[in-house]
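Okay, structure first, notes after.
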Amino acid sequence: MPLDTKTTGFKYIGTRPDRPDGIDKVTGKARYGADAYAPGMLHGVMVRSPHAHARIKKIDATKALALKGVKAVVTRADFPTGLEGEDWNIQENCMAGEVALYDGHAVAAVAATSLLLAREAAKLIEVEYEVLPHVTDVDEAMKPGAPAIRAGAADYSVPEGLHPNVMRYIEYGHGDLEAGFAAADLVMENTYKTEATHQGYIEPHACLAQLGSDGKGEMWVCTQGHWFIRRMSAAVLGIDVANLRVTPSEIGGGFGGKTTVFIEPVALALSRKAGKPVKMVMTRSEVLRATGPTSSSSIDVKMGMKKDGTMTAAKVTMRMQGGAFPMAPIDSALDCAFSCYNIPAVHHEGYDVLANRPKQAAYRAPGSPMAAFATESLVDEMCRALGLDPLKTRLKNASREGTKASFGPTFPRIGLVETLEAAIAHPHYAAPLGTNQGRGVASGYWMNWGGETSVSAALGEDGSVTVSVGTPDIGGSRASMALMAAEALGIPYENVRVNVVDTGSLGVNEPTHGSRATYATGLATIEAVKQISSKLCQRAADKWGIPAEAVIWEDGCAKPSGPNAGEFPPLTIGELAAEMGSTGGPISGHFEATPSGHGGSFGTHIVDVEVDPETGHTSVLRYTVVQDAGKAIHPAYVEGQFQGGAAQGIGWALNEEYIYGADGRLQNTVFLDYRIPVASDLPMIDTVIVEVPNPGHPYGVRGVGETGITPPLPAVANAVHAAAGVRLRSLPMSPPRILAAIKAKG
Amino acid sequence: MVKVHLWSGLRRFTDGADVVELEAKTVGEMMKALVEAHPGLDPVIKAGVSVSVDGKLIARGLHEQVSDDSEVFLLRQLKGG
Amino acid sequence: MRYHTPATFENASAIAAAASGVTRFLAGGTDVLVQMRADIVTPDDLIDIKHISGVKDIVQEDDKCWSIGAAVAGAELTAHKGLCADWPGVIEGMGLVGSTQVQGRATLIGNLCNGSPAADSVPGLAAAGAEVSVVGPKGTRQVKVEDIPAGPGKTTLAKGEVISGIYLPPRGKGGGDAYLRFIPRTEMDIAVVGCAVNLRVEGDTITEARVVLGAVAPTIVVVEDAAKALIGSTLDDKALVALAAAASAACRPINDKRGTIEFRKDVAGVLARRAAKIAYDRARGAK
Amino acid sequence: MTQIHVTTTVNGDEVDFLADPRETLLDCLRDKLGMTGAKEGCGTGDCGACSVTVDGRLVCSCLVLGVEAQGKTIETVEGMAEGEKLHPLQRKFIEHAALQCGICTPGILVAAKALLAQNPDPAEEEVRYWLAGNLCRCTGYDKIIRAVLDAAAEMREGV
């Protein structure tokens, strides 16, 4: 795709205007998932398995249905059969079939005239279970004798002889590994473990669904991607996608967790059965028990290094459980494991394993934080052993343009070196530290994503422009799109209105995921509004009686392209728009693509912590994020992504974890015990935006949403080591673990 | 001939080769030729792969050009959060 | 669920005594509403005591004893200068319960009657020697705070009994108290270990002491040996070591999602030392 | 289930509704009065998204029963702006990009307003501890804290 790339001399790009949806969101007017109501609406409540693994012998809803005001009960029997592949997985996850596969797995649902009544009815639905043996730990799930969760479901890639819980096996690499290790002065190998975490969005899943017996339906839902919701819901229910119109609400956080369906097809099924709209809103406990947390992981990493810090070879073996369904993100985890470094010989191996836990969903750079925790911890340990500066050692080995990436291809223009240089030069890196304090650094990578994208732009009669996009605005993307449209058209930011529209109003769009919205929707927005300006040039040319090629678009005006084109005063967008009905009709632009020049984003973080040697408590004292944004369209929201990613990574490193009891039940199902960072846990988070323009975007944008969660896990572990003299190779580094390590050290 | 690099887990479908040479002018032709040459790869490609051409990830652009000196990698499909 | 708003504690007690199903008293509601929401408890009768006169009062009696109404919220205690000056440890314990929002509602008596061994305000109250008055079908009785909890989620209160108020003794000369807890974050967690120390000094020598641990046993633990380690000392290193050892030894904790047995024992000793230092400084500053 | 008639004042207006005694003030504000500014993030008082003030005291409306609102004065995010004039906190939140998804914003604004009412010049640490019960998963709190401190400074100058 030929792109008219521009990386300097911007008028609007790089400024920090107020976001267009700001007032709605500070006054309580913005409507989120649970803020919708419909006439005659019923409330739906799910019945969930209290067992980690159990055969469903019988479901009896007689007592529930006898309650006045209870309108429908659905079970798996109300869904079509014969689905295959991921469609079947999604259906099975939304409503258990023969076996409940994890604590919290939905087994039935009820709709009633009030929420209180629906809750009461749900308690009256009697489910008879035969409890089966369960396994929740990834390493345990691969051992002989572990209960097979779904025998015979492994794909082509799994060699014979592995436990039936292994769903996929991946192996790749390049270079001579043995020679590489032989050439090293130091070879180290360790095992690292990370526990599952949750995206922790503050807004629970919510939807308002209506489906008729004719298969025509509508849904209001908080989601990162309503076309995904449409496709998955339609598949689970066996209806046509075009018959289901999905409107996205404002969304209260997603981080990958709102890219799939949980309650949506069930609400539609209840609505179809009851003949009325049904609203379903998850409780926080349901969100934690039964949506899509991350995988937990167990990782072996081995690396060879010369005395001067040169990396000679590296090998990683990654085991991940993604719940009772395949598709734990081993692929991206492996690709990110050594992506920061130019290592002559690398080898990757990965196992995708089933366990009796909820089906994992994407969480911000899926797989990359776990991989970085292992690799970047090991690099730090090796730098310590060899007495090397950890940032300079990273710089020495850093991937750059032309490096053969650890996952195969040659890197195009990337910005890791620039982030490392900025981190080394940052005053934070040289600042003094006190007693029990330590500093850690780490780098991280996310490859980003382009994805299916459609954007429409329409010119208004007064010269203002409406842009219709399909990627929900989770963190200020309306502002970024408006800035790019304003820049491309040369009109004020305020004259662009960006709307996130429903599935009936635009072609297919993938969700706001994969750090793709500013990149892909931005690219499509620029191309769509450029169609408007080129049409306006044509109108001006017609008016002036000169060829369209002789007209250029500049500063919001059509102008003759030079003296040879003739002398005409510029025509403004407003003048041209006012006449468009009589000069050829309405003007709009449309662009659709699956752009693939997204380019990856690298980041380097510096963190200072203080560890209380008597309690193992870790305080984060200072934090700096350095990351390549390609070009920061709205720098305030880029900084926000950096800071938010760092905060989530700190939570993952220190206190967040899924805790399963011996009974296979999740023990921490509320925010009181699922401990995400609170305001008093964190310092200000300093940011440095590095801009190495991405040649794959007209303005050089790289996605920035995900990379920021990757370095904190190892950076904090490295800082804890520096502060307390102990190396924690299992996350979270909760106080009991740190104190035990300190005591073991003596 | 376009040289296509496969991940090594696929070697058992390609008689041990992790680079396969094919006649193709587009990504679409390349995928077709790949399955014709090594039918064992069919389920892999149907399950979804990404193709990297000269360092650029071609998600589903079957018409994208490849030439004999292109660097082509078959990669596992990835999605972000 | 029936919602009652009695005008006296005697009426509240009578409603509870006559009830046949599950009964809960409602003051701040920060535990009851959570339990209702989580389907742990759905009361048949919910008795809101906030319509009873005097429940929002903090009064210092003529003998310098403090009388605190049953519905006084944490934020109201924290804002009370006289009470904070006399019993800073008690108030800082209560102040640690939940968020600012929870402080707007949560009460000392609610924290006590919830029966959690990790309740942040209870060790401080017990260390201070606080008592509560219990109104029941058989009349009113005074009970020491440490005699109320009976185990996780359980109290010694009989059917129909309700606590109407709490009484802190006169502070007197040379007194100081402190409460510390350990949590993984800085806020919003349940205590993994809590420790309150209340002591009195004459000159630099400790003459009276009470040390109470939370979250290390089914109920709070009044640690006599820890108090002995302090009494007669000037909080020298030897006393601190003995104090920590006694505190650790008194723990009968469990492994759970919030901490391990070993961790709780260790940290109980650490917190005892740290809390004792604060209480000691306060006592000497107050003399 | 018997419903109880409740009369209360919300953002200066006297309103009434019928409440099942099991329903929270948050349920009543949202489902009976159509005031969906306060959000339910947890229902257990751990996230602060439902923050309102009752008789001037900051609370989680999910931890107050609707029937307890009888005769009280309630303020919500919907009452912060005066007509089209935003409260300085609201303006500073937009200026500082202190919201990303915005779901925690109503609760944080109500909580921050309550803080500044009792302490017009809080230190950073005081703001952080005061807001510890308001979870935000998007921002890492940095820009939220800056917006509150900046609004406080502006409000002090304005006095």
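Residue numbering begins at 1 within each chain, and the chains themselves are lettered A, B, C and D in the order written.
The rule is short, and it goes like this: a contact is a pair of C-beta atoms (placed from the backbone, for glycine too) under 8 Å apart; a residue touches a chain by one contact, two chains touch by 3 or more.
Since this is a predicted model, take the numbers as computed values, not measurements.
K.L.:
Which chains touch each other through the most C-beta pairs?
P.N.:
Pair with the most C-beta pairs in contact: A-D.
K.L.:
Compute the centre of every chain as the mean of its C-alpha atoms, then state which one is farthest from the centre of chain D.
P.N.:
If we average the C-alpha coordinates per chain, B ends up farthest from chain D.
K.L.:
Report the inter-centroid distance (CA atoms only) between chain B and chain D in whole Å.
P.N.:
55
K.L.:
When the C-alpha atoms of chain A and chain D are each averaged to a single point, how far apart are the two points in Å?
P.N.:
The answer is 29 Å.
K.L.:
Return the residues of chain A touching two or more other chains; collapse runs of consecutive numbers into ranges.
P.N.:
In chain A, residues 199, 254-255, 283, 670-672, 677-678, 680 touch at least two other chains, as defined above.
K.L.:
Could you say which residues in chain B touch two or more other chains, in rising order?
P.N.:
Not one residue in chain B touches at least two other chains.
K.L.:
Can you list the chain C residues in contact with two or more other chains?
P.N.:
Only 37-38, 186-188 qualify.
K.L.:
Show me the residue ranges of chain B that touch chain A in the complex, using the header's touch definition.
P.N.:
Within the complex, chain B touches chain A at residues 5, 7-9, 43-44, 47, 52, 54-61, 71, 73, 75-81.
K.L.:
What residues of chain C sit close enough to touch chain D in their complex?
P.N.:
Residue list for chain C touching chain D: 1-3, 26, 28-30, 33-34, 36-38, 42, 46, 48, 50, 73, 75, 98-102, 104-105, 186-188.
K.L.:
Which residues of chain A touch chain D in the complex?
P.N.:
16, 18-19, 21-23, 25-32, 34-35, 37, 115-116, 199-204, 250-255, 281, 283-284, 474-476, 634, 636-637, 639-640, 643-644, 646-648, 670-672, 676-680, 682, 684-685
K.L.:
What residues of chain D sit close enough to touch chain C in their complex?
P.N.:
1-2, 4, 20-22, 24, 43-46, 48, 51, 54, 57-60, 62-65, 67-68, 111, 114-115, 129-134
K.L.:
For the complex, which residues does chain D have touching chain A?
P.N.:
Residue positions touching the partner: 1, 20, 22-23, 27, 30-31, 35-44, 46-47, 49, 76-78, 80-81, 86, 90-91, 93-97, 99-106, 109, 124-125, 127-129, 131-146.
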